[in-house]
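Next come two complexes, and both contain subunit A; in the first it sits with subunit B, in the second with subunit C.
For the complex of A and B:
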């Protein structure tokens, strides 16, 4: 596998112009997105990077996605996820840690049918691109958040609920945080969203980190798996208003 | 083999001009009991091909006029339904019922706007609030079949638990499990139970506005107390037995248990939508399609219980 990857990478670097590698999702914005997020760095489309989602966005403000790069575990520098045809394309950037399995689930807003991508940068400097196409009727990013109509969030901002679920190997954390995650695309409602999530050890040492963008759904529900469920973890968040929240998971 | 090919080829030649012909639902009234007809829709999802005709509508011809139960997904459907009624009886249409707020059940109302249209009070509110966006969505899903269709609100809210026309006395019961306000109509004279979308049979149920599966399961228990001869589901074939209720019950129980177990195990939504569907439900159309949507509608509430 390793050999095949470097061969592909080599061919991407040396000879082929970008358009020679066809986007399997045939997205009109692929080339532009690629330049935006990974520049001219070498890349391969790689089935080992899985993006899981329903075929159709039943609720365009809450589309579940899972990015699973566990097949490349241990070899990952960074993961970037985006939706080609969203007005704000970036969804999250993930910085891994050996204790945390590189597989995360969350919900996103989509404005229309789009390719949803995950680009995984491995230690050899190659981006591995996975993705799936999502059908949607649209409007998810320009719909006012529910929080806009209900002041509940004002007195509960940053409140978290979480739980550790046993898995066959290790454990799974699922947590939910109250936050409007406003995109700034709705008239007179400025963008207001959680920028950084950091998973920390019991002693406060930062482990994995995620940088989020406003397409992450309101009141985010995020799931991730740890290798050792006997260790305790904490979660730390900061939004673009400078509010910080921290809680034991 | 050769002759078969020729037949197919000539069919294609004929089909070309036919495709360009005006759209028609080609409604076929099915007489299920005395004075009682059902127009059965397809066991499908909304599409350009079926024009949204995935719904059962009915009418009962009494001595003093006709009662219509639901008007279909579009103005065109409503007009065609009216033509079907006129082909069966000369009697005037006296009352039209909208059993609930969903677009396939009331967007034919325009074809009946000279007639009193009745619904539960909450249904009228719901249509007032969401009707336009439902209609818009239908244009997107089925296209030209919807031409000129606009929301026509029910004219009258139901305040009584029965309505009598001619020798037919109809019991009117308010349920809520499917859409928050669901009207079930029982014709005491014929014993036909018009169960609205509280019952789907051989076609997977839909959940965008259910107040919760527990409420819906209670509704099924309540329906079992009706001594009916025929049951007309909102979607799926008419029967003279209890199979539709038994199927609804086991399907609702399975859904509830599956979502509960998934939430207890901490599954993410993308994992839940891929869970196996019990082989018991193999005969039901669209189980996977609807299950995926149901997960979007309901799973967050189940997750909330197990944080």
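For the complex of A and C:
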């Protein structure tokens, strides 16, 4: 039912209780963000798109978030995640693949308390918007990265550590990569961040792909689920400085 | 009416179509004579820095006005030694700290910028400068302070490819503009103060794949890549140990830090090499090839075709990096394929660019002490050993050799700032400086990533009222035709034009336009910070434009000695100024 809503049927959405028509998070920037990321395309607020956040962002430079769109699995064209009140709103854009479950966790920086969103574009052309409000002390985007005080990253840039956790179905990969993920908002430190992450098959075939923005935390820790844990996978990264890294997970 | 609009539109699209074309090898070879663009460092691969434009001339220049100024912004306002490039209404200009900006040439508005994220451990000896980009196809290519080559898309500023040329932790960096020859991007490296090994390398400009590498210190193997395979391509100088004692060649310096030029007539690259390492010459008896030399290199293979060493066994930091500028002149009815260079050591040299033969050499500064002159046949300096810093081993405690007062000082009769050759006057315009130094030697040993000098030094002005001298030099006679004196040292490049003008900037902030024939000041405008960049000129919508980057910095304020008090009040900056006639 939910998957069948088309642009034409949108006016009928108003009568369906499952969907809110006004922003449930009452963000002052909702309309602006909507235009920025999904334009005038049809959308619904949909509880099936889950954004999981901590009660309070203790450390505004490392806020764990999980976006879970597995309820719409198989029907997804693209996922975009953003934080309304961050100076750089975009967090990531995700391009799915049948082998990878559309559920991912990572850590982000937040500048102040904000709505954190995930917009899932389904194959019928409708955006399903999920989100939650994050309470935070803030300042995470304009704080110099730890890398700024410690040259460790200079000789370890792009180094990755990963682990596979077996699940009832498939497996869960968690990997960490050394990268300053500088936002460019700190004086005299240019923006320097991983732009693209690609999960690849053992043979190098690109599976799911993520485009990241600088609000992803320093030394990104990213978790994603694969349907078949018996297959080997690789991770390929490229940052905006043109550095490329690739490693078997 | 409608028809007219449509055909006008088609015409406009056709123009836009050609205007969008990528830079080709042919465009680069023709750059000096095509006035609508500036595609090469040196305004032509020969490095003549001469423009055939004359709308701005000795009569009209008084009306020249700024049309826009563009700030690099941020807190990185220092050391802007860049020469801008212009293509299809876009200016590509580098700034300090490995930044690149694309600017609309009509409005001065920024189109994009690229900011390299530099590690804290970079080791530029002489300020965080950059001298410019190379353009090829749809790429904007430049070298960074952490010794990488980066190719950016000319529309977006995004990285297309990036290659590590060398390890910045060993002291390597890149400050010179690369050049493009036959589809290859050619670069040198900086780092001669850290005991690196200089080299020239060629990369495929479109992909960044390494094509060949040529070390500039005798004894090191060169390589060429054939079908993706690395193949030995001959040891530079044949074998190790001919002109170096022991294993000092392993950290011999000879950094190619100022890049190079190319002449299509003889199909040779010309790269200069820096001082041998360490500065203390008593540790390395011999000529120390190929330090303080000009090298002619085959662009296809990376082989050294000829070399000319200006300061064998250098003991004064007289780098031989200065640009070798190709030019032809007539003598006895015959055309001489010559090339000229004004060296750090105070002598200007005219060479046969086909084979490196010495034609003539002459001082271009008022006093030289370290050499009594040049051998008239070979051009080899006739040393005055009284002016070589003493050997520390001869001192009582072995810690400090006797100090000498040597002229010119280590910053040179001319430093990096490029000369210009006017095809109209047949003169070279040489930005020079009159200064001396006290220099003494100390023991030293090589350690990776540490300064490798074995010398102490301090620079001193020769005159109370000036250091900088812009000179018009006649390469046929060695005579100075005119001079213009400047209180502080000159540290920026020169441009000459068919409008009978010579343009350059001063640390005091002035852009100056001088009469090319007599040195009379025809134009003066203060840009608000010291000029240490190189001016360019180009044509747009029927008008002649001129641009120069303003932003004090470079080596002078870092190594100032007694010179420091003449420049310490100068303010830093980072602005592109663009001028035209009203």
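Assorted remarks:
One rule holds for everything that comes next: the second predicted complex is superposed on the first by the 232 of 249 C-alpha atoms of A that agree within 3 Å, B and C clash if a C-alpha of one lies under 4 Å from a C-alpha of the other, contacts with A are read in each partner's own complex, and residues count from 1 in each chain.
In this section, a residue touches a chain if its C-beta (ideal position, glycine included) is under 8 Å from a C-beta of that chain, and two chains touch if they have at least 3 such contacts.
Quick caveat: nothing in here was measured; it's all calculated off a predicted structure.
Of the two partner chains placed by superposition, A:218 touches none, neither subunit B nor subunit C.
In the superposition on chain A, A:154 makes contact with subunit C only, while subunit B stays out of contact range. Within the superposed three-chain model, A:59 lies in touch with subunit B and out of touch with subunit C [touch as defined at top].
Shared-chain residue A:188: touches subunit C; no touch with subunit B. Of the two partner chains placed by superposition, A:84 touches none, neither subunit B nor subunit C.
More subunit A residues lie in contact with B than with the other chain of the pair subunit B and subunit C. Once the two complexes are laid over each other on the shared chain, residue contacts for A:23 go to neither subunit B nor subunit C. In the superposition on chain A, contact of A:240 is made with subunit C only, not with subunit B. By the touch criterion stated above, A:137 is placed in contact with subunit B alone, subunit C being left untouched.
When both complexes are aligned on chain A by C-alpha atoms, no subunit A residue touches subunit B in the first and subunit C in the second.
Looking at the complex, you find that subunit A touches subunit C at residues 151, 154-155, 180, 182, 184, 187-192, 240-243.
The touching residues of subunit C, when paired with subunit A in their complex, are 74-76, 99, 115-117, 119-121, 150, 158-162, 169. Partner subunit B is touched in their complex by these residues of subunit A: 52-56, 58-59, 62, 64-66, 105, 107, 137, 161-163, 165, 167, 172, 174-176, 221, 223.
Residues 137, 140, 265-266, 268-271, 273, 292-293, 295-297, 300, 303, 306-307 of subunit B are the ones touching subunit A in the complex.
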